[in-house]
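Chain naming follows the written order as A, B, C and D, and within any one chain the residues start at number 1.
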Amino acid sequence: MKSKVLTFIMAASIAMTAVGQVAPIKIGLIGAMSGTNAVLGDWMKKGVTLAIEQQNAAGGINGAKIQLIVYDDAANPTVSVGLAQKVATEDKVMAVWATTNSSSALADIPVFTQYKIPQLTNGTFDAITTQGSSYIFRVCPAGPAYEDPLVDYLVKKGNTKFAIIGDTSAYGQGEIAYQTAALTRNHLSPLDTEQYGIDDKDFTGQLTKIFRAQPDVLLLASSEVAGGLVARQARQLGFTGTIAGGSAMGTPKFIETAGADVAEGVYFTSPYPGNQANAKTRAFAAAYKARWGEDPEVHGANTYDGMKMLILAMERAKPLTPENVAAEMHKIKGYQGLQGTFDYDARGEGIKATNLGIIKNGQLTYLEK
Amino acid sequence: MAILDGTSGSPTRKKPSVGKWALYGAIGIILLAVPAIAQNPYQVHILNMAGIYILISLGLNIAMGFAGQFNLAMGPLWGVGAYTAAILNTRYGIPFWLNLPASMVVTGAIGALVGLPSLKVRSHYLAIVTIGLGEVINIILLNQEKLTGGALGIPKIAMPGFFGIPLNNDRRFYYLILVVVVLGYLLARQILGHRIGRSFRAVRDDFQAARAMGIDTTYYQVLAFAISAVYAGAAGALFAHLNTYISPDIFEFSSTLFVMTMTMVGGMGSLAGSVIGGLALPILQELLRVIKNWQLVVYGVAIMVVVLFVPGGVVEIARRLRESSANRKSRSSQSIAAAEQAEDSGVP
Amino acid sequence: MFLEIENLTMQFGGLVAVNGFSLGVAEGTIQGLIGPNGSGKTTIFNVLSGYYKPSGGKITFKGKRISGLPSYRVTASGFARTFQNLRLFKSMTVLENVLVGMAQHAETGLLSAIFNPIAISHEEEYFHEKAMGLLKLLDIAEFADTLATSLPYGHQRRVEIARALGTDPKVLLLDEPAAGLNETESENLRKILLQIRELGVTICLVEHDMKLVMGICDRITVLDYGKKIAEGTSSEIAKDPVVIEAYLGQEDNS
Amino acid sequence: MNNTSIFIQTVIGGVGIGSLYALIALGYSMVYRSMGLVNFAHGSIYMVGTYFGIMWYAGLVMGLHVPYPIAFVIGVLLNGAFGVLLERILRPLAKLDLMFMLLGTIGLGYVLDNLFVIIFGAEGFAVRSPLPSMPLVILGVRIQPQMLLVIGVSAILMVALQLFLARTKTGKAMRASAMDRDIASAMGVRVNRMNALTLAIGSGLAAAAGILAAPIVYVNPAMGAAVGLKGFAAAILGGLGSIPGAIAGGLIFGVLEAISAGYISSAYTRGIAFIVVVVVLMVKPSGIVGEITVEKV
């Protein structure tokens, strides 16, 4: 807790010193800072803040410092829309991060489209970029990009009997749909698909039902924590087959919740190749650890990528207006980020590839393509 | 009537004085000027949301404050209204002006269903039944993916137009909400001032005595639920078309609690309480935002203070102030004060 | 007969509160119902007013069966009651309490409340006048706008009667209206009851105040242990040895 | 696995979670019976109790890793003491109408939840089970060892509570106080002290539930909301104020959830459980074990 307070004071003092002769450039950040999804907001804030601090230390943007204004929407879309109005019209930001939660991100789109302010998100729901807005930018791949390669790989390894278990949240329902679609691509269908409420803690009923169908592979369609709990109970109920899931399973939080023994051998996909993948990721991981005292994971990495590109777009925009920044974002092609190469299209999608990984010895390790 | 045709008894209702009319006028002018006074659309947005909450709160107040019926499904019923409008609009292209009455009818009917158990169970049992039925509504919204879009909800709901003027931003939408809220308020006054309102209060005050007075309590209990749901339905249609995006998590039990809190802070059993609470709470939240994590702690303490020390809410504080000044003016005219107190008919 | 109770039985679990009780009441009379505590008087009232469904027997009013109907329908068919332990609507003024009972005679419903405010205001004014008339009859008009439960006990009793009259009853069931009243108040009550009878309302009275009962009842029925033990005019009852033994004698002892 | 063992496995999961609901429901029912208070902060008290125990076990206090049974006892006792403190806060609320009780205790819940967010952070953490993670296999039925611990300890606690109330002098005084406060106080029972004891026991049971569940669930300050609501539903289902009712209600609610998840529709599980509660209350308006009270006219 103490470190959080310190962080806040430091961030505040950095923001203060930024107020020099040139007015600072304001960037908004709306995310879940409280409630069960707080961890997502926290990761976003850490990735974005790191990129901003590095830029400010290097002189900001044409002499102007970047100032981050953070708001907590507690993952509630109603609150989120209100805050979107606030950052757009009261704070008059240059660009905004909103949000990791796909439903809040969707709720905010009309607001930022109306005020012509670029909106960055790391939500994975594919419909985010089909709303007809030219101000929305996704900084990570969309949902299907995670599930397709995962299922393709597992099918290629000879698995045919799949079952899906996921939560009823927006993320869970989306993942279930993408996993089902990925199976359909491979001319398969899940033997059983079960769901649970986000507050549920005992999955015996669902899992017992699933195991009656005797699947080889259990696909998890849920967030880090619930995914971890499900994996643990699945193993305790005697499931010996393969467990696999999307990027949520490629996080330290999943390993912590499931326990290293249960997490061992779980497949996941992530656009982030891991902290030790190359020079770029090693530098990022070192800086992140120095700043926040913990190792980065995928959300920290994709928001860092996104903020870097946003900075690039702001440097290029002449004159510097939200509208021009958005136009410059669309022009980004061939940008080499932590997650790979970004080429933004008209819909706001920048990257499509993900890496397949497996948890080995409690560590996230990536398989060669 | 067979007994005594009353001959000279005079009705005792008061006519508002000139001063009161002037006050109403001033309030009206301020309300109309708000979008111009506001520094930015965000402030108008806060008021628009407050207006939507006031509508739900009026409904809750009629059911709970006046008729004594625990309707703790108000949040999910608000969702029914919003989804009705959203589905009609995005699937069939039906405009807001038809969706508003449609939402009110559909939500009113479902509200009456939610109210049916009130005929069998009371107080905390009714509380859990309505909470439970609210959960069921929410789960249906969440899982009927083909109809409701599931957890991801429904985007791209069209904003309404008014004779060619698109109400496509908060400043313009404000007037729409203002009109609906004012109509909703006047209608609530009309209903509650009528024998229906007296019957509601009779059912609340003493269920058996009400039946002994010939009041069909079954009808009035279900009616109270239905009316409260009609308000939630109107609020839902407005919300769907203002926000242009809805998802099930907006309409969870926590939204019921939020509306209940604002109603009780304003004053349960007083329509003015709904308005005051509906304005006060969103503004309070804005003010508390600066203290970050502590805001909900302060919020919780504030709720407890209100419940323990001023259970009648802000309306009661105002009345106490008025009474004490009236008492200072004339200590002898206590019966008048009592009559006034009765006329205001706040929480007993 | 105007009001006919036939072979009424009321059981609560194993307890028989009323056992094969029959009674006929003539129109325009005051019928007294007396008996020691727990003899079943209030239970009979509760069955009469529809609060309990009888275990056996039936009640007919002007030839129509009313036993088993819900209480609000019993009221609608012309019965009104007061409660032994006052049950006024606590958030309402005296006037509003009386208006509640009139609601069932209203012709305007929810739709008029919304779309026809003029009809509503006419109707309200009409009811107000009637209610004020009733308050005058019971001599409590000056408290019309006072919170009913803030009045002294004796006045609250009168509000209960006015409220019951508000329903425009043919039969008025009064459950111990004189309880807690002093001598003068009791005398006032006697006058009021006689006035009500003049208006053509039949009164059924459960009462412990013997002076009042003997003074105004046309006929009196005596109950003990849920059974009728005597019936007749006040002078007949006063002489009946069974009654003296079971009831009056008992009172002497206490 | 044959159908019977599948069914038994499903039911055992339900009984496990149902035991937790029952322990929570007992808190609601006991406090309602003795104080007339419906305490909607009880879910938060469950969360607080979980932290009070688990923080010693999970190394949140000076990096200590106290053995699980000792952490369990510490948590139960700490939360019991916390319950005594709460009695002072809740006493005035018990005199109010249900509406005010509801909001007042929810306000208290907000305060507790968010204080714990401030102290421990919102993120939460997973807790290692003290038992081996491999399942026990009995006649083809697989059971999580921790679930067996939950069921066993809960059963012991419930029996102990019954014995305490029926056999001990204090227990009898508590029951007398719950039945009629005036008579009890006339007989020399200190009603407020009995209420404090009731809250202490209710809170202790909630802590026990939380600490037992911690290795199955995930510990964070928001963990009380859903369990609190379901525990309340269970108490109502059994008949608020009845101790056997709370236990029956909790178990039935848990088993209902498991069966509807395993056999009917997992997405609608929560809704089905609530529908059953509503239907039961339509038939028996004061719950399964609740007494019917006749209203006096």
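Methods note: a residue touches a chain if its C-beta (ideal position, glycine included) is under 8 Å from a C-beta of that chain, and two chains touch if they have at least 3 such contacts.
Quantities reported herein were computed from a predicted structural model and do not represent experimental measurements.
> Enumerate, in label order, the chains that touch chain A and chain D alike.
In this structure, the chains that contact chain D and also chain A are B.
> Compared with chain A, which chain's mean CA position is the farthest off?
So the farthest one, by centre of C-alpha atoms, is C.
> So what's the Cα centroid distance for chain C and chain D, whole Å?
Using C-alpha averages as centres, the distance is 49 Å.
> If you average the CA atoms of chain A and of chain C, how many Å lie between those two points?
So the centroids are 73 Å from each other.
> If you average the CA atoms of chain B and of chain C, how far apart do the two points sit, in angstrom?
39
> Let me have the rounded angstrom distance from the C-alpha centre of chain B over to the C-alpha centre of chain D, please.
Distance between chain centres: 34 Å.
> Multi-chain contacts in chain A: which residues touch at least two other chains?
Each of 34, 168, 195 in chain A touches at least two other chains.
> If I count partner chains per residue in chain D, which residues reach a count of at least 2?
Residue numbers touching two or more other chains: 114, 117-118, 267, 270, 297.
> Show the residues in chain B shared as contacts by 2 or more other chains, in ascending order.
142-143, 208, 293, 296
> Using the touch definition up top, name the residues of chain C that touch chain B in the complex.
Of all residues in chain C, those touching chain B are 49-51, 70-72, 75-76, 80-81, 83, 87-93, 95-96, 99-106, 108-110, 113-114, 117, 120, 124-125, 127-137, 141, 144-147, 150, 163-168, 199-201.
> Going by the contact rule at the top, pick out the chain A residues touching chain D in the complex.
Within the complex, chain A contacts chain D at residues 1, 4, 33-36, 38-39, 42, 168, 194-197, 199-206, 208-209, 211-212, 225, 228-229, 232-233, 235-238, 256-259, 261-262.
> Which of the residues in chain B end up touching chain C in this complex?
Interface residues on the chain B side: 1-13, 187, 190-191, 193-196, 198-199, 201-202, 204-206, 208-217, 223, 269, 335, 338-339, 341-343, 345, 347-348.
> Which residues of chain A touch chain B in their complex?
Result: residues 34, 71-72, 75-78, 81-82, 85-86, 88-90, 102-103, 106-107, 109-110, 114, 125, 127, 131-132, 168-174, 195 of chain A touch chain B.
> Would you tell me which residues of chain B are touching chain A in their complex?
Interface residues on chain B, with respect to chain A: 39-43, 45-46, 49, 142-143, 145, 150-153, 155-156, 168-170, 243-247, 249-250, 255, 289, 292-293, 296.
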